[in-house]
Structures are given as C-alpha cells and as structure tokens.
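Consider the two complexes below, in which chain A is the common component and chain B and chain C are the respective partners.
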Partner chain A sequence: MDWIVFGTLAIWLICSVGGAILVKNPVHSILFFLSSVLATAALFLSLGAELIAGLQIIIYAVAIVVFYVLVITTIPWEKIKKFEGVYFKELSIGFPVVLIVFLLMGYMVVKGEFAQSVGKIEDNVREVGKTLFTSYLFPFEVASVILLVAMIGAILLGRKEE
Partner chain B sequence: MSLEKAYLLLSILMFLMGFLGIVIRKNLITILVSTEIMLNGVNLALVTVDKVLGRVDGQILSLFVLTVAAAEVAVGLGLVVSIFRLKGYEGSSEIVHLRD
Partner chain C sequence: MGEFLVSLIVALIKIAVVLGVALGLGAYLTWFERKLAGHIQARLGPTVVGPFGLLQPLADGLKLMTKESIVPRGADMPVYYLAIMMAVAPALLLFSVIPFGPEFEIFGYSIKPIVADVNIAILIVFAMGSLAVYGTIFSGWASNSKYAFIGSLRKASVIIAYEVVLGFAVLGVILLAGTMSTVGIVEAQLEKGIWFIFYQPIAFVLYLFCMLAESGRVPFDIQEAEAELVTGYSVEYGGMKFGALPLAEWYLNVVALSAIAVVLFFGGWSGPQILGPFSPYFWFLVKTFGLVFFVIWLHWTLPRFQARDVTEVAWKIMLPLALLNIIATAVAVYITGG
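Take a look at the complex of A and B:
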C-alpha cells in the first residue's frame, strides 16, 4: 500500500517538475511548479511530517506562487516572448552530466546503509515545536531577521528612482 | 530496496531536474522557479532522513530552508523587475555586465 501511494505521488511529482522546466510560457511553468509543490506536500504527509506539509502549502503554494504571478503581470508581455525557450547546446551537454551524477548518487544510495535509528516519534508536531523552541531558539530568531532584511531589500530594489 | 531509499532517489532526481532547468532555460523567472524546485528536493531528502533516524532536527532545518526560500524569492523577483526596468530585456545570456 505504501508503495502504491509513493508510486502515484512520484509519477505526479516527476511529470510536473519536467513540465515546469520544459514548457515555454512562464505562467504555465509556474502552474506546473504549483502542481509539484502540492505533490511534495502529499509526500511529506505520507512521511508523517504534518507541520512541514502544512507550511509547504501555506508558504509555497499560496505566498510564493501568487508573488510570481503578480510579478509576471507587471512585466510587459510581448518583450519577453523572445526569451522563452531552451538552450539546446547546453541541454545536449547538461543532460548526460545530470544523468551520470544521478546514476552515481543513486548507486551510493542503493548500496549504502542508513545510520542507526535512535527512537520513534509519537507526536510529530509536538516534538517539532518542543525542539524548535528549546534547542533551536536562537536560529529561529535569526530567521526573523533574515525575513526583515529580505523585506527591506525588496522594497529598496522595487522603488522607483527619482 | 526499502521505501526510504526510494524517497531519497526521488529527492535526488528532483534536485537534479531543477539544476538542469537552471542550465537550459533562458527566462529569468523560469530560472528562479528551478531554484525553488532544487530547494524542494533538499527538503524532501531532509524529511526522509528524519523518518529514518526518528528525530525532528531535519524538519526544523527544512523550516529554515523555507524561510530562506521566501527571502530569496522576494529579493530575486525584485532584481528581475529592476533589471527589466533598467535594461528592457531579461534573458540570462544577455545580462553579462555588472554596470552599463
């Protein structure tokens, strides 16, 4: 049963990622990316990480995708038509390199052994919250500073010059 | 082959497809989307290893990856819009000068 769920989600994910990097129109590419985000959230749910699945949907599928679509509407459409498409020379070099790297890393994953498990998590969300606010409290606060700096940077970049 | 190894293979494949998207595309917005796909692949690997080890540290690290992704999208799309406003085009092979 686990394999059926995994196989369905994996085929959905691979199809949508391939569509996102290969279709010409940027809006269609972002819609394929939205589909791949939903597939990833479903994979997280099947792994038992409910909090990350919810955050994936809230942050990626709502905030980031809407932001991409808003930015595309501000760019004049007819001028970027000539930059849609694929570099075929880079594709002919890059695809064998990516295939070889995937075979090497896949060989290591298939032949390798995982580390020893140290225990079993009963309540995932509670454990994540407890660890986040005890061991990882300082990185959590630093993340808010990163978001603030990114917000100020985006405002400065998007401002009109006088 | 156990199910967790299949999950790891899927995450590696997702990361490499995002990398291929960065290499082969011309449009800057599609390149940013490919970056997001690479970050998603990393998140999937972190959560999978978490399930194997029975810990929650990987999920917290993927939470920070989500934060960095949101910041990267805000700054990156701001850069794309200002490049377009200054120069009037946005193709990855045309942007070769740091100043004009």
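Take a look at the complex of A and C:
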C-alpha cells in the first residue's frame, strides 16, 4: 500500500515544482511553490515524521512563503520583468552541473547506504525536544542568537526615521 | 486486509459525519447570529420563512445559488476560484483534530470520536489557522480591486501577528499537559480533576483575542470593516462564491476554534453524567456553543479597533504577556514536578 501513497505524493511534488519554474505569472508560480511545500509536508507525514511535517507547514508553507506572497502580490503589474525567451547561454552552463549532481545523487540512492531507523519512536515531539536541549544545546543557542540579531536588525532597518 | 478495510470505512464515516455537521452548523449559525443580533438590537430577527424563521438559511442558500455569477474584469480566474478553496479547506481541516468524546466500543471495535488522533494536533491547529491567510490574500489579489486587496492585506497582517501570539499562549497548556495531542490534553485535565483555565487564565484571554482576530470578529474585524471596505476581501465575489468565504471565516473558524478552546481550557468532554453515554457529547457541545454565543454577543456589542492598533496590541502587549506566562508556567511546572 505504501508505494501508492508515496507515488501519488511524489508525482504531486514533481508536478508542482515543474509548474513553479515553468509558468510565467509570478503569482501562479508562487502558488505552485506553495503546493510543492505542502507536498513535502505530506511526504514527511507519510513517512511518520509528524513533527517535521507540522513544522514544514507552519514555517515554510506559512511563515516564509507568506512574505514572498505579500511582496509579489503588492508589486504593480507594470514593473514586472517580461518573459524574454529561454536563456540559452545560462542553460548550457547550468545543465551539465544539474546532470552531474543528479548522477551523483542517483549513484548514492542506488549504491549507498542510508541511515536506518532505530525502531518506532512514539512521541517524536518529546524526542526532538530532548535532543535539542541536551545533545545539541550549544548549536541551538547559537542559532537562536543569530536569529535574534537578524530580527533586531530587520526591525531597525524597517523603522521609519523620526 | 479486513482490518485495513474496517479502519478505512470508520475513517470515511467519521469524515462524513464531521463534514455534514460542520457545514450544517455553519449554515444554521447564520440564522442564530441574525436572531441574536436582532434581539441585541431590540428587533426580532428573521421571522418570516418557517417557524421562528428557521428555514431562513435554506432560503438564503437558494438565493445565493440562483444569483447571476459576476466576475470582475481583469480577475485572475484560476486564482479567483482557488482562493475560495484555500479559505474553506483549512477551516474544515481544523475539525479533524477535535475530539468530541471519549473512546467507545461498537461491534467489538473501539472507536475514537476524532478524525485524526495525531500527537501534533495542536501544531495542526496552528498550521491550518495560518494557512487560511492564503485564502484571504489571494481572493483579494485575484479580484483585481483596491478595496478587496486592502482588506486582504489587513487580514494578512492580523493573522501573522495573532498566529504568533496564539502559539505562545497555548504553549502554557502544552507544558501543563505534557502532550500536544488534543485527546491527551483532555485526559490530562480529567486526571488532574481541574480545567486548565484555572491554571492559565491569561493564556485563555489571549487565546480568545486571537480567536476573535483570526475569525474576523469584532473588535478585530478591520479586514471586513463594512463601513470603509464593504466586507473587504470578499467584496468582488457574488452568489455562493461569496457565501463560502464568510461561512469559512465567521462560522466554521469560530466553531472550530471554540471547540479547541474547550479542549484546551474547559476540560473537553468532562462533566457530570446526566445523559448516560451521551453526556460527554452533550457537555462538549454545550461548552462549545457557550463560547460561540459569547463571540457573537461580542460581535454585536463592541466597536472596532483601528487597523494600526490591532497589530500593535498583538506585538507590544499580548506577545510579551504570553512569554511571561510561559516562563511562569515553566517555573511552576518545574517546581511542582508536574
């Protein structure tokens, strides 16, 4: 049964990512991107990582994408850059890189070994919390200080001069 | 395969029941709201259609469905229609994590009256509450109208601010219960024999404000603001397309968030056994509708905040209060070993 769920979600994810880079209207593009973020959350949920699925929706699908949406929807239509045809020079440089990365990842998936799950974890919220506040306390605090500095900086930049 | 089939059928029945009840309730709350508003303003409310005007929602529904469908010029059609779905779906999904009663047994299968008993239920509530922001932003943007777009931007700023406060307000309850599962929170209250509102009064008041703000109820209804924005982001929608947006925002959201408030602060289905096996459901519905009644009562009594004040109150007063509340709760839980 698992592969039906996984297959459906994977097709959903690939279609929405493809849509995000292929449509011309920026708002439609961001909608496809939102759809791909939701598909990723659904994938996490189907793999039993409930906490990550929830955080994926709250942080990526809402907190981050909503600011893209706010910016994109408030830009006047006249100022949007029009479609100029396919960028062939950039494509000829970029495509080999993508191909090599894809081959490397494919090799890893086919030949490599993945981290094995160590039995079923009943309450993954509790487990993640414990790990964060014991083994990874220092990186966690460093990240929080960086975020705090960024937040204060953003407030200072966004303030009007009085 | 038998086990799987049975659980699938049970899940489908649960979803059908919850959907039917939620949508029916949404329709009948319009009648209730109009009746209540009438009596608050010394009028009678709807009386003509059916006894006590009880058939009014059906008449309204027929009227909305038979209206001419008008789409503004320059509207982005796919997004215009998608926005309705994006407003209604999160409101309905909120109902999936509400536990209506304790586990019971029927034909040898034990069944929980909740659609999805996951251990991140409260996170799902936050997620769906904030996903509703897309319905409002895109409906305002797609209708190619300034008034609608101002309304949706106001609503977006309100939802972003109050979603943060909501998250921090509810953390206190999660600390006390030690779980994020809605069933677990109710069971923790039953075990301790006390409703969490007595431990967390500040959190409850903050939650109530957030609930009002997210569902666009007075005094935080600056995005509707009938007098300035003529109901804001839904102004360019007509017929049943218009009907769906307030249905989701004013009714489904209010009922779902009230039910979650009951779970978090009022002990869920706990109450004296006065109706035998049905008393948990009875108490759950009584408490939920008490809160819904309170919200509608406020809606028709209070004036409205200014647009700027609403977000200022959230960031400058409510958020620090919520943080203090969490710290105090955490210290208390640590000392008592809760």
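Everything that follows uses one rule, which is that the second predicted complex is superposed on the first by the 127 of 162 C-alpha atoms of A that agree within 3 Å, B and C clash if a C-alpha of one lies under 4 Å from a C-alpha of the other, contacts with A are read in each partner's own complex, and residues count from 1 in each chain.
Heads up, the rule we're going with is that a contact is a pair of C-beta atoms (placed from the backbone, for glycine too) under 8 Å apart; a residue touches a chain by one contact, two chains touch by 3 or more.
For clarity, every value in this text was computed on a predicted model and none was experimentally measured.
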Checklist entry - Should A:L51 be classified as contacting the first partner (chain B), the second (chain C), both, or neither? => result both
Next on the checklist: Contacts for A:V98 in the overlay, against chain B (first) and chain C (second): which applies, first, second, both or neither?
Outcome noted: first
Next on the checklist: Counting residues of chain A touched by each partner, does chain B or chain C come out ahead?
Outcome noted: B
Next on the checklist: A:I11 in the overlay: touching chain B, chain C, both, or neither? Say first, second, both or neither.
Outcome noted: neither
Item to check | chain B versus chain C as contact partner of A:L137, first or second or both or neither | outcome: neither
Checklist entry - If you stack the two complexes on chain A, which partner ends up touching A:L43: first (chain B), second (chain C), both, or neither? => result first
Checklist entry - Can A:N124 be said to touch chain B (first), chain C (second), both, or neither? => result both
Checklist entry - Is A:T74 touching the first partner chain B, the second partner chain C, both, or neither of them? => result both
Checklist outcome for this item: Dual-contact residues of chain A (chain B, chain C) 51, 55, 63, 74, 124
Checklist outcome for this item: Residue set of chain A touching chain B in the complex reads 2-3, 6, 10, 13-14, 17-18, 20-21, 26, 29-30, 33, 36-37, 40, 43-44, 47-49, 51-52, 55-56, 59-60, 63-64, 67-68, 71-72, 74-75, 79-80, 82-87, 90-91, 94-95, 98, 101-102, 105-106, 109-110, 114-115, 117-121, 124, 127-128, 131-132, 136, 139, 143, 146-147, 149-151, 153-154, 157-158
Checklist outcome for this item: As the complex stands, chain C meets chain A at residues 4, 76, 78-79, 82, 118-120, 123-124, 126-127, 130-131, 133-134, 137-138, 141, 149, 153, 156, 160, 163, 179-180
Checklist entry - Which residues of chain A touch chain C in their complex? => result 1, 25, 27-28, 31, 34, 50-51, 53-55, 57-58, 61-63, 66, 69-70, 73-74, 122-125
Checklist outcome for this item: chain B residues touching chain A in their complex are 1, 3-10, 12-14, 16-21, 23-30, 32-34, 36-37, 40, 43-44, 47-57, 59-60, 62-64, 66-75, 77-82, 84, 88-91, 93
